[in-house]
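In the two complexes below, subunit A is the common chain; its partner is subunit B in one and subunit C in the other.
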Partner chain A sequence: MQRASARLGFRPDPVAREARRAPVGQGFRRDAGWWALILPAVLLMTVFYLAPMVQVLAISLTEPQPGLGNYERLFTSESVQRVIGTTLRICVTTTVVALLLGYVLAYKITLSTPGVRRWWVLAVLVPLWISVLVRAFAWVTLLRRQGLVNETLMAGGLITEPLPLVWNEFGIVIGMVHYMVPYAVLPMLASMGEIDPRLLSAARGLGASRLTVFRRVFLPLSRPGLIAAGVLVFIFSLGFYVTPAILGGGKTLMVAEWIKLQILDLLRWGLGAMMATMLVVAILITLAIFSRMVDLRRIFGAGGTA
Partner chain B sequence: MGGAHRPGPFATGLAWAVALYLLLPISIIIPVSLTDQRFLSLPVEALSLRHYGTVVSSPEWLDAIWQSFWIAVASTLLAVVAGTLCAIGCWRISRRSTDLVRALMLLPLIIPSIVYAVGLYRYFAKLDLLDRFLGVTLAHGVTGIPYVVITVSTALAAFDPRLEQAARSMGAGLAQTLRWVILPRIMPGIVSGAIFAFIHSWDELVIVLFIASRDVFTLPRRIWNGINENLDPAMAAVAVLLVIFTVLLLLLDQLLRKRRP
Partner chain C sequence: MSTAGHALGLRGITRRYGNFTAVEDVSLSVGSGEFLTLLGPSGSGKTTILMCIAGFVAPSEGAILLDGRDITGLPPERRNFGMVFQGYALFPHMTVAENVAFPLRVRKLGAAEREAKVRAALDLVQLTRFADRRPAQLSGGQQQRVALARALVFDPSLLLLDEPLSALDKKLRAELQEELKALHRRVGRTFVNVTHDQEEALSLSDRVAILNHGRLVQEGPPAALYERPRTRFVADFLGKSNFLQGTVRQAAQGRFSITIGNTQLVQALPAGAAEPAVGALALLSLRPEKIGLLDDTASADNVVKGRIVTWSYAGAGYTVTVHTADLGSLQVTLPTWRAPIAPAEGLPLRLGWSADASVPVEEDAA
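Here is the complex of A and B:
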């Protein structure tokens, strides 16, 4: 529609993208200055980001010897398959739980009055920006054998032996969900904010119960946000290093820590690089599948081209 | 009036439970940092600041804090300059090709830093940038660009492009237009981006684990070693200081947002 109106030579919206362009005929030369502004970032990104990434792919195909030998391990090595299985299991669990918890928060925030809303948003933003190391450290303090939870339960006589709360999958999931909930809330908030509150009031006014309003009106309308949040949490979980490494205690390995182990400790560069490449492939495939269903640009907040 | 649909008691109760799950575990480090014991525990007899004393008087912690700070400052500068100019260029040109550029700039957010770190390790070995201030700054700066591009692009979306056209048609050059027309208007977005890029570098661990070892030893690296080796209450003190610092930066950001037109 926008393109059509531009061809007709009138601009329905002054902020529309067409208006930003240099007038026809003064084309590229006039834009050259603006292209020069983009140049430093593109150069930096190419030399110090893309080039190292290409290196990963190259290593996976050439070491220890050229060929697809490392990729063959995906089908033959039991330890490779085990780490992929563990990673997928933990990521799916984390995504489901983080979506449930995040949904509750986003629902509450969306329907609150603006004054209340600010505080709840802060409760989501503060954990989001607190160092992941600090949060993992807090969980270790709470959950380890002599941790505060076990000590309290033992002092209260509820248990006689400390519960194994950390350095296993349970600990990883608790810590990861804690990290991911804010990431789940943000896209859901954006999407729920677009739900017309009058629809909800109208449904109520027509005699629907709270539950019915939620199930028949709110939930279906919030679906795009739910999917966006799910994609975001899942791809962030796949390559997550810090929390699983600390709360897994080296016993439960997820992909990121496994890669680090292969490369820094075992010096198996080819195998580690192969897994790193597969990690990126898995993420890009996930994005490609869901980019049809949700506006990915909105997930990553790449505003600008509204 | 009861007109608007508000969350019911059940939803509110659940939301409180989730909020407590998010906030309580983090706040537990405050009493732990004030313990009078030698090991990680709640205070038994009295509150004590001795562990803060340990941190403040430890050359290792101070050195790590100092290194992290300077790396974060330098990489933020890099990210802000490159990211802001890029966002402005993309906004002004606004074609399919610049959409691609913008997508490229967002890659570091999507691709796990472990993958980048693996590639960077080899790459920097060839360039002799391992374990160097410059190397870590470049890595943090490049991965900080997305934060700046996002916040500046958002600020630009609210900027009337006719102002820029007016300036140009009255004879302002590109530099003048940037300096006097565009930059002042999007300053809050730039500052937001700078804050996030700073926090990003300040907290970054995975890349540092690969490309730094002895000479460059940042705060996250020191905390990482602390968690893996000896869990002493000084760690809790450092954690509390970090939380306070982050919250202050966030408050600054909120304050700037409120002043935004």
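Here is the complex of A and C:
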């Protein structure tokens, strides 16, 4: 022990020496070693993710002829504008409805006892395990002209003509909300779970009514989860394909189906690639805006303590 | 702040959770301006009682009265009680000032009046400088003081404290204990405190109520509880105690004697206590600090001989365990300052105490 410290006194041990020299250049080489460890992941991302995206971008700028012709359509083509408008409208509606339903669910689950909570979470998660295709067709059988809903309403004498519940925006929104609610619930559940229940008791003890407790304490503390859920659902909705394709019945087009139509049916690769690029840009912009409002790491993490 | 304290009464409070009875038939009254502490080990029901008073838990039976008015059915937000929660429960998304202003805001006070009261409350706990900080930026002791300011700012009829000092380290705890006591004197309000820390209970309270297994075991001023514990549990929980159990031999003139093996002990009958029947078993509680060290010639009402088994140095005193033939092991504390002996294992000692040093106590009900 004594000998070791004496040696230290004369000559710093290698680790300490290196640490002192680190900023000059030694540190960089050591960091490079660490970077090498994630190289496989970087390569994987480049080959299977980045490269195809760059190719999509390239196609959008080169087909049918080089230039910004495809992007010009954003401002000139009514059909392009209509599909973007429809998509945004459906996505915003879906997000708002899914958030409302999801918030109520998450609130209910958070305030229930642990035993009950398990069943609630299971009930929320089960739909996630059923194929989106199955769910979309299930909605069709329920909502079509001779479907359960219309038949029941007509048998009950509430309506004389079947209501147009499917193969339109309404049908799409129903199917999408159904799909999105779990994605809205989960981040909000994480955020609400972080709220100390004593805060709610404290607020009531200090004279706040249940409504005031919710408005002044619970709602602000669950806000990060609400925003995270909103971003998640909105971004998911933007690129939704199966549900709108089935429940829209080919009459109401959203961006993903429109891209498929351009590329596979009309063979207009350039236009499809342009829209795909715009979709990615829209997602990145959404993320950029919301990352300023809330720490996006909290989407699957936690909120409420900041 | 006004100085009007309010009187609180508990009448036969019982709280059951399924088959489990957390609180059983507890009746208590807290006088206006009094500092009452509910003291008990964990699971004794003390927190449940506090939650009943606050209105978060509805008693299964019994009534809660404030100045004689029944408030049992009133929701917590309409009781107008200030409460300091365990862990303080400060709102993390509000600044210190906003936290303190919260109870005033929900009472819809005007901005000017609100500001003045918040300032006064923060002054009271000396935190005016930290008004714009978030709770997370404060130390534990400061958070505790914010919680106090928030609980007092709206002139509550009662201040409830749920283990207010348990999250703090020992030194800070002692400091805040002093502050809390001074605060109580300053605001003249009725305080009800819950703790499992007997030292805190003794030093803070005007009156202490000791609970065990959901029942009220004994209540009274700290000194009375310490000097005249009613049961073995109280004697053991408040401070330390030796227990001596023997058979009553004779009782006369305010004294009785018991024998344990070949040792006879004399016990003074405390005021108001009934004379025990000869032949019955009696249990005595004897505090370690009331046992004295006798030299060879000195005498006392009770004298026993023994040897030191273990000893430890605790600054102000030695804590010594002495083995005796008939009484088993006795805990003795001796002052270290000018100690007549240097403790050593195996050292023979003569111990003595007067007839009024120990008190007869009841065995706990099963």
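Please note the rule applied: the second predicted complex is superposed on the first by the 253 of 306 C-alpha atoms of A that agree within 3 Å, B and C clash if a C-alpha of one lies under 4 Å from a C-alpha of the other, contacts with A are read in each partner's own complex, and residues count from 1 in each chain.
Note that contacts are C-beta pairs under 8 Å (C-beta built on N, C-alpha and C of every residue); 3 or more make two chains touch, one makes a residue touch a chain.
The structure presented is a predicted model; accordingly, all values stated were derived computationally and were not measured.
When the shared chain is aligned, subunit B and subunit C each come close enough to touch A:Ser201. Applying the stated contact rule after C-alpha superposition, one finds that A:Ile283 touches subunit B and leaves subunit C untouched. Counting residues of subunit A touched by each partner, subunit B versus subunit C, the larger count belongs to B.
In the superposed model, A:Leu186 makes contact with neither subunit B nor subunit C.
By the touch criterion stated above, A:Leu247 is placed in contact with neither subunit B nor subunit C.
In the three-chain superposition model, subunit A touches both subunit B and subunit C at residues 201, 203-204, 304-306. Of all residues in subunit B, those touching subunit A in their complex are 3-8, 10-12, 14-15, 18-19, 21-23, 25-26, 28-29, 32, 40-42, 78, 81-83, 85-95, 98-99, 101-116, 118-124, 138-139, 141-143, 145, 149-150, 153-154, 156-157, 160-162, 174, 199, 202-203, 205-206, 209-210, 220, 223-224, 227-228, 231, 235-236, 239, 242-243, 246-247, 249-250. Residues of subunit A touching subunit B in their complex: 14-15, 17, 19-21, 31, 33-38, 40-42, 44-45, 48-49, 51-56, 59, 101-102, 104-105, 107-109, 111-113, 120, 123-127, 129-142, 144, 148, 151, 178, 181-182, 197, 200-201, 203-204, 210, 213, 235, 238-242, 246, 256, 259-260, 263-264, 269, 272-273, 276-277, 279-280, 283, 287, 300-306. Residues of subunit A that touch subunit C in their complex: 196, 198-199, 201-209, 212, 216-217, 220-221, 304-306. The part of subunit C that touches subunit A in the complex is made up of residues 54-56, 75-83, 85-87, 89, 91-93, 102-103, 105-107, 136, 150-151, 154, 160.
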